[in-house]
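Next come two complexes built around chain A: one with chain B, the other with chain C.
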Partner chain A sequence: MPVDTKRLRGPEESQSPWLFVEQEQQSPPDEREDGRRKGQVDVRPIFARCGLVSQAKGSAYIESGKTKVICSVYGPRETERKDETDMKFGRLVCTFRFAPFSCAKRCGWIQSTQEKDLSLALLGSLQPGLCLHRYPRSQIDVSVLVLENDGSALAHAVTCASLALADAGIEMYDLVLGCSLRQEGSDYLLDPTFAEETQEPATESTENRGGMMVALLPSLNQVSGLLCSGDLEQQPLVEAVAACIEGCQRIYSVAQRCLLTAVKKKNPPPDG
Partner chain B sequence: MLRRPQRASKLHQRVMNTNSLTQAPWHQTTVEPLEYHRKFLKENCRPDGRELGEFRTTTLNIGSITTADGSALVKLGNTTIICGIKGELAAPPADAPDKGYIVPNVDLPPLCSSRFRPGPPGEQAQAASQFIADVIENSEMLQREDLCIEKGKLSWVLYCDIICLDYDGNILDACIIALLASMKNVQLPEVHVNEQTGLAEVNMKKKRHLNIVKHPVAASFAVFDNSILIVDPTSDEENLSTGFITVVIDEEEKLCTVHKPGGTPLSNEKLQDCINRAITRNKEVCKLLNKVMKSMKAK
Partner chain C sequence: YLHVALLFWQQVILCHCTLDDLRVDGRSCEDYRYVEVETDVVSNTSGSARVKLGHTDILVGIKAEIGRPKLDRPNKGCLEFFVDCSANATPEFEGRGGEELGTEIANALYRVYDNERSVDLKSLCITPMEHCWILYTDVLLLQCDGNLFDAISLAIKAALLTPSKIPKVQMMEDEEGTTEIELSDDPFDCVRLNTENVPCIVTLCKIGQRHVVDATLQEKACSVASLLVSVTSKGTITCVRKIGGGSLDPESIYEMIETGKRVGKALHAPLQDILNKEESLGKSREKVGFIG
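Up next, the complex of A and B:
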């Protein structure tokens, strides 16, 4: 681990107290903890608000269960590196970060490889939705910060980023909404919490266990991003994708309402 | 003179009307920002309607991040700061075996303002982190001995991670309030060291709060045109000012820290003025903090 000379450092090594708690071996519960059903398209209720960051061109904040994600968009502005300026298309730069206190185990300040990987996934999911040919020689910066991670961080980051881009007035073909899923054996858990994402399996078999994230353009009904990990057979995989798409469609109305409120606030209708 | 704020709206209205700035404020603010501010300062008020000695509306939200042991979100006008504290276990330092660690870090990500670029923390963030560390040590708000579990073997490390979500000036004040509020919110589990195995045993069900003895509160001032002092500068006012000073006072009206990084020299009277205003600010913030903590306990 590179030594971070620019930050105040504590001890060389420190451990989370959770490592020393006696873990009771619990088999995964039959019912989901928050009352949602397995094998059904049940997403957590979402609270979304645009225009929170006064300094940013566009911003959005999403709360879904305990997961809290905030995103700011700056741009279009001049590209930072002249050799990367594209004459025909704009550049989209995405940064995805977890706050150090967002996970049960403290993350460091330096961007880990997982965060870099998720930044690229975010970039890939958002790019098809933007009209980048309208912003040649420019750069659009999207910064996402996860304040609290209770599962489906990347999916909500995708939704949050596209709301922020819309709030910033960047031209888009459609919003990009994300939804994730966890497959356990024959059941799937839509919009899993952190505990559900990381729980130990009930049986020894590794069949049909994995996670998936789908990014969808709802009115065009096109998938712009699909990340899948684990071991899934063909039939469950197809069903999982369909479930995620259905989950995204459920979120669409909330996203639309949020943007409508934001626009009305910025441009109040004339009186009389 | 920095007085307690009264309603400044009438003065503000007069300045806005006489200068017909309501017609084209955008041109004034970008082309000649200094002149724009000076017009308001002549009438002893500021472009956003505040008096010279008035702080922006402060809102506080405690305990919203459940993955952190203690958290607080502070909004000072538009400036938004979130502080999350996580406690971890480590061996105490070799030179102080009966003390724990407190590690504050301030981050100014590109999220909060277009002036910050991604990458390692810049000068401002590093200076802010060091300032917070100094305040914690000088004010003795928390005894480091309280963080020790077993002398020489195990102690707590409190990582105080402060992130700015919206940069509109005066982050130092907001960071101190956020830190204080989240420290009061922290609940650490009970830890025993098992004598036979030498390992720690953590009981998550029994949690207790930290013992915060002092409540330091900061008040920041910007110096305009080498003579006028304004409290709680916004980002525009910070860019135009010729000097800064931050005074940290605890609730017993004792001075913890005075931070004056260069800039216009200040006379004795002006410094005393700042200290007096900081004392009243401490009372305001402590009252707000107590109100929020009480409403949380009521839930």
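Up next, the complex of A and C:
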């Protein structure tokens, strides 16, 4: 059997030693760690920059708290598939990946089912924002890589991808912004960190626990992506969706400013 | 994936009729098609069910096997899903064509069912960190006529509700330290899963200004986006997902969630009644099988 001599493979099954450490059962803190408030629309400050990857048609990088996401867009390229829909509309292909060192538990290089699921959610969120009928017989590749996951990875991936698409010059109806939320009992935590997302409940029977991600087209006020799982009653669910929508509106000005800076850098105003 | 080509005027007429609460086959916007459910169709499984929803035909088989629990959930069992879109359903699924749809459905099922809230996973544990029951759930799509998620969720719920043949086991350690599985002698000594929180999925398709439940392929071709809502019998919503390439107004999302909750809550009681009736018939039940 040919042996791969160039790579040092670890044992087939390896586990992190942290799994064997006795975790104290900590009850969820009353205040959020970084000083934001529960039950209020408080998103983490965002740093966004476009045009980092020189080889890509368009790219963007977002940092929010400790979550770092980078996205590259390639295209529109000609595609070979000759479906009837392909003749009239372009095709958008999204790939969502976690870097192996991004989460507490090491992810492999092969795309796991969770990553495929999030790729589909990303595709569904971005598609309504793009004018795909302007790119018939073409394919646009969006590739998102999460460098460090400190919560709300998918939401920031959506924002990052739409900034990269705008940087690439793809025609869009509107930017697509993402915001996520964690519902614990009667309070919601907007833009949760990884610790808040995976927090164990205070008691076994805490009602209304769940996580949600909403992708919004802000100036059209249309929801293009909604992904929610948990155990929620109808009223808290509806309020959570409204809170996420408001969170997205808060990010809008930052995203617009980032794009303006990128455009000005690419085309500096003439002197004089 | 499954395309039904409708001419533009057909789409317009369908949208307008839906506004007046009138659909192609005479149903109202919140009515399901005729559903047939039969359990225990496959004898080699721990639980199986077949659901016919209109022309959509789904077969679910659940096999329980002993395996290692996942590292982050050492004292719970788990469910593993596999959805097979074979060329039986439509020739578009030949070869690897159906794989994309299959993974999409399987990922949604993991999100809906593989958690502590829906199925009592702690009861599936045998020895923490060593052994647990893994329920391998295999879904076969025999025929596709729209609304796959609803039919699959009904079939999974029916398969879990039947007296699943998961035997009671005990792990014995003998002197040398090897573990042995000890099975009780009584073949009917089984573990019955607590399934009161297993949710049902309702797919709502937005057509024009209104939304419909249980859309056929034609109605799906006219809709821009759908919302998938999974509801338990108590009315709690366990999963909401937007599918499709279009966008939705926040107001319509709120309306669709309300409809989904109402319709979903009403699905559980009739299903439970029918399955209780089927179980009470016992040996005298007429098996319809695949030919009837």
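Just so it is clear, the second predicted complex is superposed on the first by the 257 of 272 C-alpha atoms of A that agree within 3 Å, B and C clash if a C-alpha of one lies under 4 Å from a C-alpha of the other, contacts with A are read in each partner's own complex, and residues count from 1 in each chain.
We adopt the following convention: a contact is a pair of C-beta atoms (placed from the backbone, for glycine too) under 8 Å apart; a residue touches a chain by one contact, two chains touch by 3 or more.
In this text the structure is predicted, and so the values were computed from the model without any measurement.
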Let's test your reading of the overlay: on chain A, do chain B and chain C clash or fit side by side? fit
What is the contact status of A:Lys66 with respect to chain B (first) and chain C (second): first, second, both, or neither? first
How wide is the angle at chain A between chain B and chain C, using CA centres, rounded to the nearest 10°? 120
On the A-aligned overlay, A:Met87 touches which partner chain: chain B = first, chain C = second, or both, or neither? neither
Is A:Val238 touching the first partner chain B, the second partner chain C, both, or neither of them? second
Does chain B (first) or chain C (second) touch A:Gly230, or do both, or does neither? second
Going by the contact rule set out at the top, does A:Asn221 touch chain B (first), chain C (second), both, or neither? second
Touching partner for A:Val53 - first (chain B), second (chain C), both, neither: first
Figure out whether A:Pro128 sits in contact with chain B (first) or chain C (second), or with both, or with neither. second
Considering only touches as defined above, state whether A:Asp117 meets chain B (first), chain C (second), both or neither. second
For chain B against chain C after superposition, the smallest C-alpha distance in Å amounts to 14
Overlap the chain B and chain C contact sets on chain A and report the shared residues. 15
Which residues of chain A touch chain C in their complex? 15, 19, 84-85, 105, 113-114, 116-117, 120-121, 124, 127-129, 212, 217, 220-234, 237-238, 241-242, 245
Please name which positions on chain A make contact with chain B in the complex. 4, 6-11, 13-18, 20-22, 52-56, 66, 68, 70-72, 74, 77, 80, 95, 97, 99-104, 106, 109, 141, 143, 145, 147-150
Residues of chain C touching chain A in their complex? 3, 5, 71-72, 103-104, 106-108, 110-112, 115, 117, 225, 227, 235-250, 253-254, 257-258, 261
Chain A partner, complex, touching residues on chain B are 64-68, 71, 78, 80, 82, 84-91, 93, 101, 103-105, 107, 109-114, 117-118, 120-121, 126, 129-130, 133, 157, 159, 161, 163, 165-168, 189, 191, 199-204, 235
